[in-house]
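Same chain, two partners: subunit A is paired with subunit B first, then with subunit C.
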Partner chain A sequence: MTLQGESAATRPGIELGGRAGARRRGGPTLGRRLRRDPGAVIMFLVLVVVCIVMLYPFAFMIINSLRTETQYLNGSGFSTSSWSGLFSALPVGSELLNSTLICAGSIAIILIGSSAAGFAFAKLHYRRQNVVFLGIIGSMMIPVQSIIIPEYVNLSNVGLVNNYLAPILVYSALGMPFATFLMTVFFRGLPDELIEAALCDGFGYVGVFWRIAVRMAAPALATVTVLQFIQIWDDLLVALLLLQEPANRTITVGLGVLSSGRAVSIPALMAGSLISALPAIIVYLIFQRYLISGLTMGVSR
Partner chain B sequence: MATVELDEVTKVYPNGVEAVQNVSLEIGDGELMVLVGPSGCGKTTVLRMVAGLEEISDGEVRIGGRVVNDVSPKDRDIAMVFQNYALYPHMTVAQNIGFGLKMRRLPRAEVELKVRNTAKMLGLSQWLERKPAQLSGGQRQRVAMGRAIVREPKVFLMDEPLSNLDAKLRVQMRAEVSRIQRRLGVSMLYVTHDQTEAMTMGDRVAVLLGGVLQQCAAPQELYERPINIFVAAFIGSPAMNLYEGALTPEGTAVSLGSQRLELSEEVRRARPALAAYRGKGVVVGIRPEHISAAAPGDAAALQGDVELLEALGSELLVHFSLDAPFAEVLGAATGSGGSQPEGDDSGSTASAWGVARVDSGTRIRVGERASFAVRAGSMHFFDPHTSMAIWDETPGSGGVPMPAS
Partner chain C sequence: MAQAEVEAVRVRPSLREGSKRGRRASGIARQRARAGIVLTAPAFVVVVLLLIIPIGEAVYYSMTNWDGITAQWVGPRTYLNLFETPTFWRVLENNGLLLLALPIAVFIPLVIAGMLHEHVWGWKVFRSLIFLPTAVSWVVIGIVAMQVFAANGTVNSLLGALGLKSLEINFLGFEYSALAAVAVTFIWSMVGTNTIVFLTGMSTIDPAIYEAARLDGAGRLMVFRHITLPLLKRYFQFGFVITTISAFTGLFSLIFIMTEGGPGYGTTTLEFFVYQQAFAIGAFGTGATVGIVLLVIIFGVNLLQMRILRGET
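Moving on, here comes the complex of A and B:
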């Protein structure tokens, strides 16, 4: 929701004038801030170190993906042979497609399920509502490793092993509790009057949910999408167990297989890891402007 | 356009709290009825029950003669304006106004025409493509009004729509809401806690306290003949001065502490029921505007020490102390400008104070002892036990009992 105070700056005829206005628009320069505030210097140095720690693996991955095995061991020279080696060793295209299909399917189910459940928990009132909500939140504490064998047995019994539906259902079930929690917090922040205004405008609760609540939930939905995408895309265990046919493998499983071979090519592995990491980075960059507001929602009204 | 009838409507929440008790009210076709009362008096609950946003525990709500107890809000043909406007933030002004029409599947051209006409009426034409976040409070309030008006509903329901505006804009919008309601001729139920808003806008005003309807009457009648102490204290700004007093055995004067106010034959004749209180205690109510600086020889005059002066330009509010005890007013978070402490002990003999609204030219100074003339004909008398006004009926009858404190 937009704060009242925001409107003044965008209202016509009201301009922030003079030097104060300029400062408010642009703020002091970084150099001036660092000279004035010793705390900022320390913070700046810490951030530089954090950046190096974060970016070093990427730099390592990119540089070494452009080397042969020998060049990697010598630490000098560049070549693209590892990339051609990767594409000949792994069906990268189909594995990326498998990962994408599974991610998209799981996230679609999670978004639909969690937003509907979150809206119901936040805005509809029924008996034992809190007990059900606590049950769902409590299920976040169950580690996937503890239930993966029974899950495998159940899915095998219904003939879903080696079917994309198996990991999609498991990922959806694993991701749903946290997503529901996040969506509930978001919808609790929506004023009840907004829902009631829509009810008076001619909606039922389904219409209010779909036409009003979901349209306003973009930050929360984006947050759920990013968090779940990264988790599902990077997961090895579920996909490895439930998709055993080579043609059904995801990119993470493919890389796992590559790294477990007898002769491991580090540059090829780096190239594969880079390809594997790229979609998650792209998804993060697309949705990052929503991510902070999504994660801090409910902190203040 | 339609009438709205509430027939012994009661609301009991699951935790047992009785928010509204047997409220019966009829809003005439095209009438602007204001529900007023202090916070928690049940006025918004009544409004929400009419809107269908709150279940009715007992009684009936009828709109246009049809019982709507179990009818969903969208099928009641009502439009509601909320205190915080409840505009859809992801839609433009035009989309906000036209949304209800779109949901009723009106042709797009017709929706656009109605939206344009409504926006023109409210002076919003140039903001149609803006989002609510880009508007000022007053503009947002108008958009909320527009959203209600455009649907041409049978009834407008307004839940403190002006509370979030600054004082000047509130006065301006107050007139605008009344003007629009009169122009459209649609019945309106308007909730506010501000008695000035209630008095200036309402064709009739219903005063609630503790979920009980105290009095429903035209503003002037509420002001001139409040049915009980609460209504008397709530209506009027500054609030009525209320003191514990006693009628003399002859019934020709009333004593307030050590002071005495003579009651003329005319005053007594206008209140025949007062005769039954000879030699007994009564609560005396005097509105600040009925107190003025006394001229020599005034029969009904009070002596008081001036403690504070508030200059309002055209008039002067004089706060003075006197030795008459305050009368207790239940739930007396009075409308605005209340001058009496809530729940002051009725038996207290500590000196009370009063407020007089006098001409700005009156020569008076803080600290001096002044004589104040009271317009005896405008005085109010209440039964100290039932809190009911004493007029021409049997003492304590014909009114609404005060809810338990």
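Moving on, here comes the complex of A and C:
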């Protein structure tokens, strides 16, 4: 019976007002369901347990960030000292700025490159196009660990190590194949007639891309942005190797380096972890629909 | 407007076929090809310069004894040398053991997705909460996991509370328990992604099929086993592949934070071995060799998936 009830709502996107929506639909209350369908109640309880397990780390971080070192060891008492001391343990402000700059730069390059190439693959035909397409999309399989050594050497040869450009370029390259794939799939869904009509209005092909197609691609561009933001924001390896001066560190690298110094205060580490996770969580909460559509796009491969 | 429509009709055939019919059509085809090349260029340049050329270089370096300063050509023998190193097999064993976590990392989300798909009370909230950790970095997850598995951590307090004090150990202090701790953390962080993949798959199934099954008197488990699972095959495979690829290439940060590959080589996987060899020891050549082995494995996984998919259709 639960199956029929909400079949209309069965779609991949997650609505932010999920809780309110469920209430508004006014299904039977939990108590009434309990009596009518014990199976559903068992599932509900199991899901509650699953959520507790999934959210435990967040609770752990919040609670222990509100303790001093001794309180952490004793497991009781609260204090805000780790938050007020956070800025001396971790240069949070500048690291957040570094992360933001690197994310913004990489995502800009990925958006421009992938949308242009995706449009070309979907709507414009040229010789050897399939080879180029396979080359770019196939690069999706390359793990970063396989190329990080030459990458590091090449970038240090051109003097870019410790320059923001180094991680920006590497992240752009790593994100480009999947983003291009996603944009190609999206543009294939645009009707040819639309492009022909625009051509007849006197736009060139590049004009059609820039003036018409890009403007219609907002959802796909949002998906690429969210996916890449979370990936780049959360990455350790590339930024760790390519930005070696403490002043250049991203927040994720700063945290990683801080935690590997064994003398660190755990509450401060927890506060820093929360700060570093916050932007990605906010982006997730606002744009989860796009994140999900991007993740599941791979199935249509 | 009428003019535009006439034009569109004339242009359309050449746009579709790209064949040379008449001077005008081929002119358009040429224009289109030029635009195509211009628009592909930025992505192409980035991918070639920063992915494809480095792969070529990595293959070259993998056959040298490069130590960061001098490099001598050794040839394919470097691979044989690597395969003769016991450490390499120890590291590969860790990758193999992590693969044992795979069925669990797929099965748990499958069950969770199945329950969410029943649309129990509050399922949308559950869905959002279960997917939330996907946004959090492996670094943060690792930092918390390190405390959870520590000698005085959550797992040990739970064991103590359950009266299993004899099982309390410092999980990160021994090779296999440390690997198990990494594996559990890995499973935990795959739950969100895989649940969403399966849930999306389930939502593509026509509700009418379910209703028919219900009318025939099939219970929940029967429906899940005989209707949902078979129809989910594609998504199932996708979940398996992304989980496998994550197990091979996604755990660097987690290992870096939780164990730094230790104790000993207890939690060093291939991807971490690359980093260790190249950037900790300075054996760039060996690091590149391991990196190429990793690449070959990932290619293999992808080829396998493509073959399975093709075999179906």
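We adopt the following convention: the second predicted complex is superposed on the first by the 237 of 301 C-alpha atoms of A that agree within 3 Å, B and C clash if a C-alpha of one lies under 4 Å from a C-alpha of the other, contacts with A are read in each partner's own complex, and residues count from 1 in each chain.
In the analysis below, a residue touches a chain if its C-beta (ideal position, glycine included) is under 8 Å from a C-beta of that chain, and two chains touch if they have at least 3 such contacts.
Just so you know, these numbers come straight off a predicted model, no measurement behind them.
When both complexes are overlaid on chain A, the residue A:G39 reaches subunit C alone and has no touch with subunit B. Contact with subunit C, but none with subunit B, is seen for A:I266 once the two complexes are overlaid on the shared chain. Of the two partner chains, subunit B is the only one that A:L194 touches; subunit C does not reach it. Applying the stated contact rule after C-alpha superposition, one finds that A:E95 touches neither subunit B nor subunit C. Of the two partner chains placed around the shared chain by superposition, subunit B is the only one that A:R215 touches, whereas subunit C remains out of contact. With both structures placed on the common chain, the touch criterion links A:Q129 to subunit C but leaves subunit B unconnected.
Of the two partner chains, subunit B and subunit C are each touched by A:G204.
More residues of subunit A lie in contact with C than with the other chain of the pair subunit B and subunit C.
Overlap of the subunit B and subunit C interfaces on subunit A: residues 2, 4, 6-7, 10-11, 193, 196-197, 199-201, 204. Within the complex formed with subunit C, the residues of subunit A that make contact are 2-7, 9-12, 14-15, 18-19, 21-22, 27, 30, 33, 39-40, 43-44, 46-47, 50-51, 53-58, 60-61, 64, 73, 109, 112-114, 116-117, 119-121, 124-127, 129, 132, 135-136, 139, 141-151, 153-154, 169-170, 172-174, 176-177, 180, 192-193, 195-197, 199-201, 204-206, 209, 230, 233-237, 241, 252, 255-256, 259-260, 266, 269-270, 273, 276-277, 280-281, 283-284, 288, 291-292, 295-296, 298-299, 301.
Residues 4, 7-8, 11-12, 15-16, 18, 29, 31-40, 42-44, 46-55, 57-58, 61, 112, 115-116, 118-148, 152, 154, 188, 191-193, 196-197, 199-201, 203, 207, 210-211, 214, 220, 234-235, 238, 242, 245, 248-249, 252-253, 256-257, 260, 270-271, 274-275, 278-279, 284, 287-288, 291-292, 294-295, 298-299, 302, 309 of subunit C are the ones touching subunit A in the complex. Of all residues in subunit B, those touching subunit A in their complex are 51-53, 72-74, 78-80, 82-84, 86-90, 99-100, 103-104, 132-137, 147, 151.
Residues of subunit A that touch subunit B in their complex: 1-2, 4, 6-8, 10-11, 191, 193-194, 196-204, 207, 212, 215-216.
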